[in-house]
Structure formats: structure tokens, C-alpha cells
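What follows is a set of structures to go through.
Below are two complexes that have chain A in common, paired first with chain B and then with chain C.
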Partner chain A sequence: MKTQKIGAWIAILFGATYFILPLIATFEFSLRMRRGEYSFDAYRSVFTDSQFQESFTYSIIMAVLTIVFGVLLIVPTAYWVRLRLPQFRPVMEFVTLLPLVIPAIVIVFGYLRLYNSSSWIPFTGSTRGTDLLLMFSFMTLSLPYMYRSVDTAMRTIDVNTLTEAAQSLGAPWRTILFRCIFPNVMSGVLSGAFITFAIVIGEFTMPSLLNRPAFGPYLQLIGANRAYEPPALAIIAFAITWFSIGILQFLSRFNKARPAKP
Partner chain B sequence: MSFLALSEIKKSFGPVQVVHNFNMAIEKGEFVSFLGPSGCGKTTILRMIAGFETPSGGTIRINGVDQTTLKPNQRNIGMVFQAYALFPNMTVYENVAFGLKVAGMARADIDRRVKEMLALIHLEHLAERYPYQMSGGQQQRVALARALAVKPQVLLLDEPLSALDAKIRVSLREEIRLIQQQLGITTVFVTHDQEEALSISDRIVVMNAGRADQIGTPSDIYNRPATRFVASFVGTLNLIEATVEDPQANRIRIGEHAIQIRDSLAQSRGGDKVAVALRPEAASLQATARTDTALPGEVVASSFLGSVVRTRLNVGGNTISFDMFNDPGLTPLAAGEKVTLHFAARDLLVIRD
Partner chain C sequence: MQGIVGTMTASSSTTLLNRKRLTDWVGVAPFTLFAVMFLIAPTLYLVTGAFMNAEGQPTLENIAGLFTPKILASYSISLKISLASAFGGALVGFFLAWAVVLGGVPSWIRSAIMTFSGVASNFAGVPLAFAFLATLGRTGLVTIILRDWFGFNLYATGFNLLSFFGLTLTYMYFQIPLMVLIITPALDGLKKEWREAAEMLGASTFQYWTRVALPILFPSILGTFLLLFANAFGAIATAYSLTGSTFNIVPIQLYAQIRGDVLHNPNLGYALALGMIVITGLSNLIYIWMRIRAERWQK
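Moving on, here comes the complex of A and B:
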């Protein structure tokens, strides 16, 4: 009992060292831009860089759009598969896992072949079209996480009976989906949204090959050309990540839905 | 004309037919129970009435209007499920208000109606609770209020009590019956618990493998079972093998005792084997003014059931159970003891297969 506890503490300590030490080192290095003293010069340099502001704003807008459209696509799909095509679930699982197996670069080259400006659906013919295509690619990338977390959340409610209860009370499909199902899978939607956010902010391959000014390519550019700014960016990205987790935690507190007692 | 009419309803899932030509006419305000063993098709019929399954044949009419092809949300039917099925993201109040909101009722009217329904189930004080903050019995009462709030034409309940413990089950079934009578709502109640069905129904449909074996009042079903299945499914029953002695005189023979019964034997011939049934409560060890027949027997075992003691006897090769009221002064009968069983011959029922 006692030795088990000590073991657990050692494990935690080891994990913390593994995780926190590099973080501290990175932070320390990012403060050393000015010779001989610690300063936030690197951060100032990053924040005043107009390219940072632009690429970051672009990526955040993309992330929000990806989440909104992803949720609108995936929640109804997962719901319908559970309700009407349960035998189809293994196929869905397989399909949604594909983006993990197929490298992003393969997917994006496929897109470029299919949707280039001389194709039938010329997404890349205009900037807006390319943005749209990029959003769809982000949706593809986030599919495994989004689908899984929504589907898991759906497992905790009895989708079939809730649907029938709502139907017998006269509710049409739209009402059932948005008033009875959506609020009850909010926890899954939130965690899926969070992972999607992280993926979109950091993604390099797709925006760089589609030549859009996203945060990922900017990170890469800075990393290749500067010394002190990259660690500062890493710390900023990290802070944003934790900030979003905090927001999620905060939001999920308002989400009172819990499975009813059996 | 009947209010809810099911005629020639059939249902097949793939090659398997689970409901066979089901006919039933339910009057307005009537409380009908579907009683039967697991898998006999009770839920399937209920779901066809609600519109969740489409019948493979036959028609469903409510108040003369054909419902067969209507979608569930186009029918005006209230449904209560075994698993409560309250919306977990809504409070009690919001759950009960849901159907009214969907119907586009004005907010003040919704408020009045919800309060009325919560008063009906005595849960006004829990209006702001979420389903997970309530007991199963409370949740089921909310589900009942939610179903009734929209003033459905028919109320359907699919084993609403089977997830609850015994005490709540009894009190809630009485509450359901009381509310049903108060509102005069036509109700179909599915259960596999015969005591439940007997205690609250106007009529009972005993189902066996997708068919209605017998439709009748609780006392009909219990006292005059139409088939061997009904007799054995409802209540405990002693089946005694007998031989027809004189079909014209309704005389049978059990062992070496000739007995005159009330049931008609017109379809049998002398020498035929028949099964006759005797309820455990119809027999006793003392002769009374009512009894006219006595058979010798030997005690096999006796078991204490609380208010009654059920004893099994061996009577000429047949095992017969009978009940005695518990009496603190009584010494239980020992196995092997010789006794005489008294009963009235007119309580014997001839069971047809």
C-alpha cells in the first residue's frame, strides 16, 4: 500500500519532469533575446509582426469554421447511423479513421488533382474557393477525433428511445436533433472541437500546399529563420492551448446534461 | 363504434411473423392490458399503434380515422417507456412542456398546463430538478405527465413499472389507474406481470406467440380461462389428468372417484383423457358448505408465502397445490402426512389445448 503510493508519486514526478522541464527551458531561452538580461523582446517582436497577426487570425477563423461545419456534418451523421443504420457503424468507424492512416500530403495532392482550376469543380480557381477547400481538408483531418468523441457521447444516451419519445410528442426531425440530441452530446462536441482547434492551428502541410497564409506555415518560416522567436511562439501556442482547455472546462460546467439514473 | 380499433393486424420481421391477425376493439376511456410472456409481440403491437412500426397488414383506427400510414408525430398518442426516456438536458418542467412547445402553444397556456400536470402527479416541488436528480419512480411519473400534457387520444404504456422495485410498482400502478380514470383516457398497458394486469385493467388481452388467446375482464381471464395457455399463465393452476366417464352427464373420473362437473364435456367421448384445472385457493382440508367433493392425498411439501401457506399434495399421481391462510397457531403439515382435500366440483375447469 505505502510502496504503491510512493511508486505513483515517482511516476508523477517523472512525468512532470519530462513535460515541465523542456517547457521551462524553452521559456528561459525565449527570454534571452537581449544580451546579458532576461526580457520579453522576443514576444514583442512576435506580437508586432503583422504576419503573425494575420496568419493567426486566419487560422482561428478557419478553426471556428471547421468546427461549426464539422459539427453540423458529424452530429447528424453519427445520430442517423446509430438510429437507422447500426449495422453500418463498423464501416463508419473505418472511414473516419482513414485520415489518420493516409498522410495529409497524399490527401492534399488528391484534392489538387480533383479540384484544380481546370477541373469540373475548380475549388482552387479563386481564393475563397481555396479557403473552402482548405476548410474541408481540415474537416477531413479532424474527422477521426470529432466522430469518435461525438459517437462516444451518443452512447451515454438512449438515442432510439429519446427519439421515439420526442416523435410521439409531435416533434419534427429538426426539433429532435437540435433540442433533444445535440444538447446531450455537447460534452463530445466540445472535446472534439478542442482537438479540431489544436489541429487546425498547428497544421502545416495542407495550408502550405494550398498556399494559404495560415499559422502553421508561419511557424515553420519563423522556425527556419530566427533564433529567439520560435520558442516564444511555442510558449504562446501553449498558453493559447491551455486557455482553450480552461474555457472548455468552464463551458462544460453549464452543460447540465447527464445521463439519467437507470 | 369502438374508439381504438385494430383489425387483422399482422407484422413480420423478415421471414418471421411475430403478430398474427390481431383484432381488438377498445372503447373510449377503457384500460386494456396486454399480458403475455417475453417475445409474444406485445411491444410490437404497441409500437404499431404508436406508429414506430408499420403493420405488414391490417388497419389501425382511432375514433374512426385510419392511422395506419400516419407518422408517429402526426398521431396524437402518448407513450410511456420502460426506460422513462426523459430528456436528460431538460428539467422536469421543460420535459413536461416539450410537447406543448412543439405544438406551438402560447407560453402562458404552457405554464398553466405544465403546473396542472405536475399537480396531477404530485411533483410540483420538483419542477426545477433534472432527471438524474430523481428516483426511478419520480422519473416515470414525470414521463407520464409529459405524455398526458398534450392531451393524447390514446395513452400507451410499455412495461412502465418493470424497472422499479416492488413497493413503488404497486403504488405507482394504482396512481396510474387513478389518473387514467380521472382523465377518462383510453389506455393500453403492456406487462408480463399477471398480478399487475389483473389489478388495474378493465379488460386483459392474454397473448401467446403473436395471437390473442383470450380477451376478457380480469375475473373472466382468471376464473374462466379459455385455453390451457391462459390458465397456466395467469395465476397458479393445478392440472389434473382425468378420464371422461359420461359426456352427456358431464361426469369425469379422477383415479377411482367419479365427479360431476359444471363445464360442458359435449365435445368429448367416453374414455377420452381430459385435463381439468383447480385454482390453489379453491381447495381446502376442511369440508365446508360449498365443497362437495373429497379426494385423499399425501403431503409432499409446504411453503410459507407470508399471508398464505401453499401445500403440495400428491393426489392419485397428480400434484395439487392448495392455499391456506396463515395462522400463527398452525403447525405446518409434514411431508408424508395423509390428508383429505375438499373442493367444489363446479370449480373444476376443463382445459382445452
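Moving on, here comes the complex of A and C:
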């Protein structure tokens, strides 16, 4: 028993060193911009860079759009499948797993060939069209997480009874969906939303190959050309991830605290 | 079980609400359209393209074209890095998970490690490359501390962050947390009674682990290992921003091909993509199969 405890502490110390050291090193490096003393100059330089502001704003807008359209697609579908088409569930499970199986770079390669300016649906023919395609690609990337968190939340409510109750009170479908189902699966929707946010903000491959000025390609560009800004950006990115995932875990704990109904 | 109950209640409500079956399928039409347009059709386009020449006639030339030294080398280095980082991630992650579940450490350490794992498993891509450059790059903190305090020149030993070993070490930063997140529930599922039963029959700790616990955990461990492998195999952003396009792993080669047709044959690019799908697809398939096997013990 005693050796077990010592072993456990060694494992934890080893893990903690491996995980915390790069964070300390990154932070220390980001402070080195002024020669001979520590300063926050690198952060000032990042925050005043107009390209940073533009790409970050662009990615945030894309993240919000991805979340809104993703939720509008997934929640009604998951609801409908639970209510009417349970035989379709395995298909949903499989399809929503695909983005984890097919690498993002392969998916976007397919987009570029299928939706180029000389194809039937020329998404990449215009800037707005490319933005739209990028949003759909982000929706694809977030599909596994969004579907799973919504579906898990939907498992805790009795969709059939809620629907029948609302219908017998004369509610139209829109009211059922937006005033009964949505509020009840809100925790799942929010979990999905925050992980989508974290994915979209950091994504490099898709916006880079679609040539849109998102945060991911900006990070890469700075990394190739500057010395002290990249670690500052890494700290900022880590803070964003921490923020999104922290809220996500808080929400999932809240989710579990509620009694689950079959 | 859940599926059967769901089917029964749904079919009874179908008769209750008295709607036609056809309208049921209309409800999933938007999702189906989305999935076909942005997931299935692009993938199928590449897969079929891999078996065609530029004129659209069926051929196996593209697949054969993969077996050139340069492309084989990139698959080989990709496989090596993915295997090594998945193995390292699975090993360290397993011991970390074991430490928090069975090591008898305070519970706040467990929740701290689980929360951190959630964050770190999502901390990948370009920022991760920056973090490791700041740590183990030529002017990184650890490199400098080793040199100034211990008189140990890391780079004189042949170490290079922009190499197989460096990239593996970097990838493990998201691989270990992922292993911890997935394997912890499996370790939680090890019942105390199994250990007690083994001990009562005179088994040593070593015998308990090799004869009882590890065989039960084996599908979970192997499954997660394959998931980590696929995860590393498809990753590009970290490697690209660490090494630029000099390091020839498959995703970087495909990236260069998409950017500028460096292979001088678009259909060979499709074959390159097909190779990636086959490798990640196979490992995911075995992962799912292993998961189903593992769930037998998690009741």
C-alpha cells in the first residue's frame, strides 16, 4: 500500500512537471521582449496589432455563427430523431463520428475540389461564399461534440411526454421546439457551444486552405516572423481554451447533478 | 436497452399523434443534406478521384504512385511519430490515471488533473508549437537552465525540437490528457471485489494486475491507443508551425499538394488523402470495436 502511494505521487509529480514547465517557460519567454528586464511589451505589441484585432474578431464572429447555425441544425434533428425516428439514431451516431475519423485536411481538400469557382455550387467563387463554406466546415468539425452534448442533455428529459403535453395545450411545433425543448437542453447546448468556440478559435487548417484571415493562420504567420509575440499569443490562446473548457466542465458537472430520467 | 424502450414509446406516440411516416423522414432532411454536402460527398469525391486518371478513366496508377520513396518516407515518419506519441501518451496517461484513481491521493488532486486534462487535450495546434519552442527551443527556458545551471548543452547531444523526438514530445502534451480522460472511467470500473477475491485466493499485487486487471482493461487501453494514434496522424498545425514545410509528415505533404500541386498530379493527391482516411478509419474502427468489448465490464 505504501509503495503504491509513493508511486502515485511520483507519477503525479512527473506529470505536473511535464505539463506546467512549458507553461512557465512560455510565460517567461513572452516577458523577455525588453532586453535585460521582464516586461509585458510583447502583449502590448500583440494587442495593438491591427491584424490581431481583425483576425480575432473574424474568428469570434465565425465561432458565434457556427454555434448558432450548428445549434439550429442539431437540436431539432436530435429532438426529431428521439421523438420519431429512433431507427435513425445509429446513422446519426455514425455520421457525427465521421469528422473525428476523416482528418480535417482531407475534408477541406474535398471542399476545394467540389465547390471551386467552376463547379455546380461555387462557394469559393466569392468572399462571402468562402466565409459560408468555412462556417459549414467549422460546423462539420464541431459536429461530434455538439451532437453528443445535446443528445446527452436530451436523454435526461422525456421528449415524448413534453411534446404530448405541449401539443394537448395547443402549442404549434415552433413553440414546442423553442419554448419547451430548447430551454430543457440548454446545458447541453451550452457545453457544445463552448467546445465549438474553442475549436473554431484555434483552427488552422481550414481557414488557411480556404484563404480566410482567421486567428489560426494569423498565429502561424506571427510564429514564422516574430520572436516574442508567439509565446504571448500562446498564453492568450491557453487562457481562451481554459476559459471555454472550464465553463464546459462546470456545466457538465451541473448536468450530472440533476437526477437522470430514463 | 435504451434503444428498445425508445422504439416502443416512439411507435406508440406515432399512432397517438397519427402522422404519416413520410413526414418523419422530412424532419431529418436538413441534417442529411448537410452531412451529404459537407462530409460525405467531399470524401467520396476524393476516394473516387484516387482511382481515376486525369481523363476520368478508372486506374490503379495513383495508388501505385504512392509507393515512391518520397511518399513512402512521409507515411513512414508519420506512422512512427503517431505510434510513438500514442504509445508515450498512453503509457504516461495510464499511470497518471492510475495514480488519481487507485493511488490514494487527495480528491482535489484528482479534480485538478481532470480539469487540466480537459483543457490540455484541447490545447493543440499552433500555440502548442509556440509553447514548446519557448521551452525546448534553442533559447527556450529549459535549454537555458540546463546550460547555465547544469552546464549541460542539450543541443550538443543532437537533440532538436524539429525532429522525430521533438515532435513526439510535443504531441504528448495533448495525447497524455486525452488518455487520462478516456481511461479514468475504465479504471473507476475496476471493482473492489475483484481485487479482494484475487487476494483471498492468494494472488500477489503483480498477479492481480497481470491476470485480472490488465486483461479487463486491455480493450480500453488498446482502443484508446488507437484513438490517440489517429488523433496524431491527422494533426498538422503543430508540426507545420514547428517545422514549416520542411518536415515531411503526410498531412504536411498533403497541405503542400493542395496549396501548389507539388506532386504534379492532382489525382495522386487524392490517393494521398485516401491513404490517410484508410489509416485513421481503420484505427477508429478497431477503437469502436474495442470499446464495445470494454463496455461489457463497465456496468
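By our rule, the second predicted complex is superposed on the first by the 219 of 262 C-alpha atoms of A that agree within 3 Å, B and C clash if a C-alpha of one lies under 4 Å from a C-alpha of the other, contacts with A are read in each partner's own complex, and residues count from 1 in each chain.
As a convention for this text, contacts are C-beta pairs under 8 Å (C-beta built on N, C-alpha and C of every residue); 3 or more make two chains touch, one makes a residue touch a chain.
Small disclaimer: the values here were computed from a predicted structure and weren't measured.
Asks: What is the contact status of A:G216 with respect to chain B (first) and chain C (second): first, second, both, or neither?
Replies: Touch status of A:G216: second partner only.
Asks: Determine, under the contact definition given at the top, whether A:F40 touches first (chain B), second (chain C), both, or neither.
Replies: neither
Asks: According to the stated criteria, A:W242 is in contact with first (chain B), second (chain C), both, or neither; which is it?
Replies: Touch partner of A:W242: chain C, not chain B.
Asks: Look at the residues of chain A and decide whether chain B or chain C touches more of them.
Replies: C
Asks: Is A:E164 contacted by the first partner chain B, the second partner chain C, both or neither?
Replies: So A:E164 meets both chain B and chain C here.
Asks: List the residues of chain A that touch chain B in one complex and chain C in the other.
Replies: 164, 167, 262
Asks: Under the definition above, what is the set of chain A residues touching chain C in their complex?
Replies: Residue positions touching the partner: 1, 4-5, 7-9, 11-12, 14-15, 18-19, 21-26, 28-30, 73-74, 76-77, 80-89, 92, 95, 97-114, 136-137, 139-140, 143, 155, 160, 163-164, 167, 195, 198-199, 202-205, 209, 216, 219-220, 223-224, 230-231, 233-234, 237-238, 241-242, 244-246, 248-249, 262.
Asks: Touching chain B in the complex: which residues of chain A?
Replies: 157-158, 161-162, 164-172, 175, 179-180, 183-184, 186, 256-262
Asks: Which residues of chain B touch chain A in the complex?
Replies: Checking each residue of chain B against chain A gives 50-52, 71-73, 75-79, 81, 83-89, 98-99, 102-103, 130-132, 134-136, 139, 143, 146-147, 150, 163.
Asks: Using the touch definition from the top, list the residues of chain C that touch chain A in their complex.
Replies: On the chain C side, the touching residues are 2-3, 5-7, 9-10, 13-14, 16-17, 19, 24-25, 27-28, 30-31, 34-35, 37-43, 45-46, 49, 92, 95-96, 98-100, 102-105, 109, 113-116, 118-120, 122-135, 139-142, 172-173, 176, 230, 233-234, 236-237, 240-241, 244, 251, 254-255, 258-259, 266, 269, 273, 276-277, 280-281, 284, 288.
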